[in-house]
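Next come the structures, one after another.
Look at the two complexes coming up: subunit A is in both, with subunit B in one and subunit C in the other.
== the complex of A and B ==
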């Protein structure tokens, strides 16, 4: 009887001291997922994440659409980071079809991808701020990300969900005068985010709440297979833009931010440092980009792969490594498409980190995993 | 991409209306990729070849090298050997985590393939590499997830990071992992009573 009931509802024999709490799926402290926590007084003794409330079957849908019509729906898992979500898919399709991309298009992609990384991270930071009850940190990032959203709107015509990357390049060339506007906005943006240190990252209240909570050691970060900022906050220097450079990252000077502590504070600081690195990359890319030239190789209609073939491409997204495994059987649709996303990979660390934490620390630990429920569910 | 000869073979079996759009652009890109097939038969990348050689040396006929590409090595193992192969990959080759586990359904072969993408953080020479370990489980026409013959050994005791990935493959394809400590649903609703949804015979309405 008890085995048939869903988790969280099953009657379990537990110690009288232990209480089971369902945090979410509507709770503002959980995002679109449920976290089943068992507490003893104020301390968490066990935690069971239950994602899937925003599962949309992206992978199934992809099997019914051809390689071009897959573009708009595949970026839905993270609309703020849509260029980075599409990136591995586009790279994979290019390898399947054997397309060489023009040089200028590669630079445009890098710029878009870095802008998107900042847009996503600002949104994440805003929510992290409000999770900790720091409403200034909600208002500032939410406002400052508009600077970059304006840039993306100039490039692609859409504020979010740009659908700008296509196999063979990007959809449109940059608008006239873009370089100047971009440089100005990015410089101002960088100046703004540096001011966050005084109000947020050097704030003694924040530090006392997040230091030494949810500590993930270097060995465990590797063993659990975490990725992105979670991994780098635990002292593992692994950034795919450096380790497996795609497009033109090889020609740019990319510095990866690593912290040794592995606590919530380090995990929340690494994405912020990454944004400054993104500003550096954008400036370099603007300088090195060929000033003119084609940005797209036109494909024949309904492109298809060459028989049974499979590729696995990965990029560094705002939440870590994002892989796309495409199996093609020579038809116009992918035979199977699998997105391996950073959020899903980092989720495994949540029960591990929350054990023994105070319940009040749950929001800060949870959101410091740089977790995006919609992406994890796909 | 498609050279002229390839384009022709493609269009032949296709229905007539499809032949038109395929034939037109084939003329244009023919010039560019013409250089590619000529450059392709270069020998396999050396470092990747050495990895696959080590696996073959250890297991001989039990494994099959599926492909050796730049930064990617594909190894196929039978379901009874996959656990040993994975153990060797961890202890002998220094791979330490699984990035992704995907299931691929092949109804015509009556098999479901499970593909592990294995990477390494601790060995910097392997930072670029992904080892693609695949194995196949028997597929049942009327699946009873967990209770039929669609079973594979779990790699969770070797790579801790597969825990949630294998749970996802179990609910989406009905492949039960023997030895997995927590074979519950993850993303699907608890009362899901239909076929495992990523199998090919689960059709989307209207398609």
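== the complex of A and C ==
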């Protein structure tokens, strides 16, 4: 019977003591993926993550659509973080077409991308809370996200999948007296997330469950190629907003949050600290933004690349470095488009982290990798 | 041990304090959110949009020329727009064709609005489009010409006692 099954689906019998367990894909503790774990009693011996259940062929789809109609479907991998997913694509197309973006548009983009980072991280934090059985930490972030979703709805007209970034700027300018509303809601949001410290991050129960579980050393984090909060939680100070500033990030004071421990606790705390940094960046951007001016360069209909050309751009998304490689052959569609996403890079650390852990610690280690299954499958 | 005890007490205390704060829940459909503007619009002369909610479309029959640019813009996105014959005769619309939009397919990206050079297609604040049948989601040019009435009564208010929808 097992011989007829395709590879990967057959369950191997290794030992009398060792049991193979499928976590997912229809399991609340795995997301849209399967984690095949081999356990000896309560301890994990080996683990094999099996993504690919929500593969949608975004990269192939992009080859059949022109540079503008690619926008709505390319933001689908992470609908909560849709501005950041679109960011490298838009930067790449601008370089291919040779477009100079107005100064105000760059600031609007930074504000949108920071708001989106917080929206994504709040959703991630809510799931992290419920994975650990902390239902307050599910309700609070899920509710407080609304403050920022409301701001994004005011800017772009959609609560998720904003389709707001286009090659040449952004779709529309900020609504009238947006600065005031934004400042008020972002300040309140920051006050709210600081309250999470007492109930979640300084909570001895959380600390005892996550401290020293799934420790990823600094050397391993670099060797495995992890990015974003996972890398920064292992003591590597690497934030693309600081190291390779794009758009107007070099004019803003960006501080990256680094923790040395490299355990689940550090990996869950770094995104929370990043949200406060995002609030700082939004306040700075609102202050430094030119008060008037155009936000979009008028493009010809169906813009074309100039001959054979390729460009690679990357940005810091909510899940780490997010790169987009576009190859153009002078037609209205890209010849090839490749997304290099942070989720997939961080997933590679999972088998190393789970070895020797208790099965009960699996959800906290797995979700602390800041992994989004849909983005990894693309 | 004392650290653990005080930590747990502090966590409980932080939760208990929230009994006094206001509830941050929008009680839809009794309350409905307020939006900025009259829906997403686009100005072809400057090439920049005007902020607003991307809801159901609004078609101006006296501006539409039947050029099909909105339909072409939708081709790679959702293929929700079909050009259909309309009985009325407009001076600028020789072929008498206008867009018909299937909201079962539409993703509300608004690229069709960006494509229209004649100020004929805008988006409105109407987001309550549910229907009992698939056919009910297909809006004919006549239905799209009606300006919707959208109730908007509540927005986020931040007080000392927390944020609330008021």
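The criterion applied here is as follows: the second predicted complex is superposed on the first by the 366 of 378 C-alpha atoms of A that agree within 3 Å, B and C clash if a C-alpha of one lies under 4 Å from a C-alpha of the other, contacts with A are read in each partner's own complex, and residues count from 1 in each chain.
Heads up, the rule we're going with is that contacts are C-beta pairs under 8 Å (C-beta built on N, C-alpha and C of every residue); 3 or more make two chains touch, one makes a residue touch a chain.
Quick caveat, the model's predicted, so the values are computed rather than measured.
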* To do: Would you mind checking whether subunit B and subunit C clash or fit side by side on subunit A after the superposition?
  => fit
* May I ask you to decide whether A:118 touches subunit B, subunit C, both, or neither, giving the answer as first, second, both or neither? => neither
* Is A:64 touching the first partner subunit B, the second partner subunit C, both, or neither of them? -> both
* To do: Check the residue A:93 against both partner chains and state whether it touches subunit B (first), subunit C (second), both, or neither.
  => neither
* Asked: What is the contact status of A:157 with respect to subunit B (first) and subunit C (second): first, second, both, or neither?
  -> second
* When the two structures are overlaid on chain A, which partner does A:236 contact: first (subunit B), second (subunit C), both, or neither? -> first
* Asked: With the two structures laid over each other on chain A, which partner does A:335 touch: subunit B (first), subunit C (second), both, or neither?
  -> first
* To do: In the overlay, answer first, second, both or neither for which of subunit B and subunit C A:223 touches.
  => first
* To do: Kindly classify A:298 by the partners it touches after superposition: subunit B alone (first), subunit C alone (second), both, or neither?
  => both
* **For subunit A as apex, the angle formed with subunit B and subunit C - C-alpha centres, to the nearest 10 degrees** => 110
* Structure fact -> Taking every C-alpha pair between subunit B and subunit C in the superposed model, the minimum, in Å, is 10
* Asked: Both subunit B and subunit C touch subunit A; at which residues?
  -> 64, 297-299, 301
* Structure fact -> The answer for subunit C against subunit A in the complex is residues 3-4, 7-8, 10-11, 13-15, 24-26, 33, 35-37, 39-40, 42, 46-54, 73, 75-78, 107-111, 114-115, 123, 156, 158, 163
* **Interfacial residue positions of subunit A with respect to subunit C in the complex** => 64-66, 68-73, 136, 143-144, 146-147, 150, 153-158, 161, 163, 171-176, 184-185, 188, 195, 198-200, 202-205, 207, 294-299, 301
* Structure fact -> The subunit A residues in contact with subunit B across the complex are 6-7, 50-52, 55, 57, 59-61, 64, 97-100, 222-225, 227, 231, 236, 238, 243-244, 297-302, 304, 306, 310, 312, 314, 321, 323, 325, 327, 335-336, 338, 340, 344-345, 347-348, 377
* To do: Could you please specify the touching residues of subunit B with respect to subunit A in the complex?
  => 1-2, 6, 10, 18, 21-22, 24-26, 28-29, 32-33, 36, 71-72, 74, 96-100, 102, 104-105, 115, 117, 121-122, 127-128, 130, 132, 159-161, 163-165, 168, 184-191, 197-198, 202, 204, 207
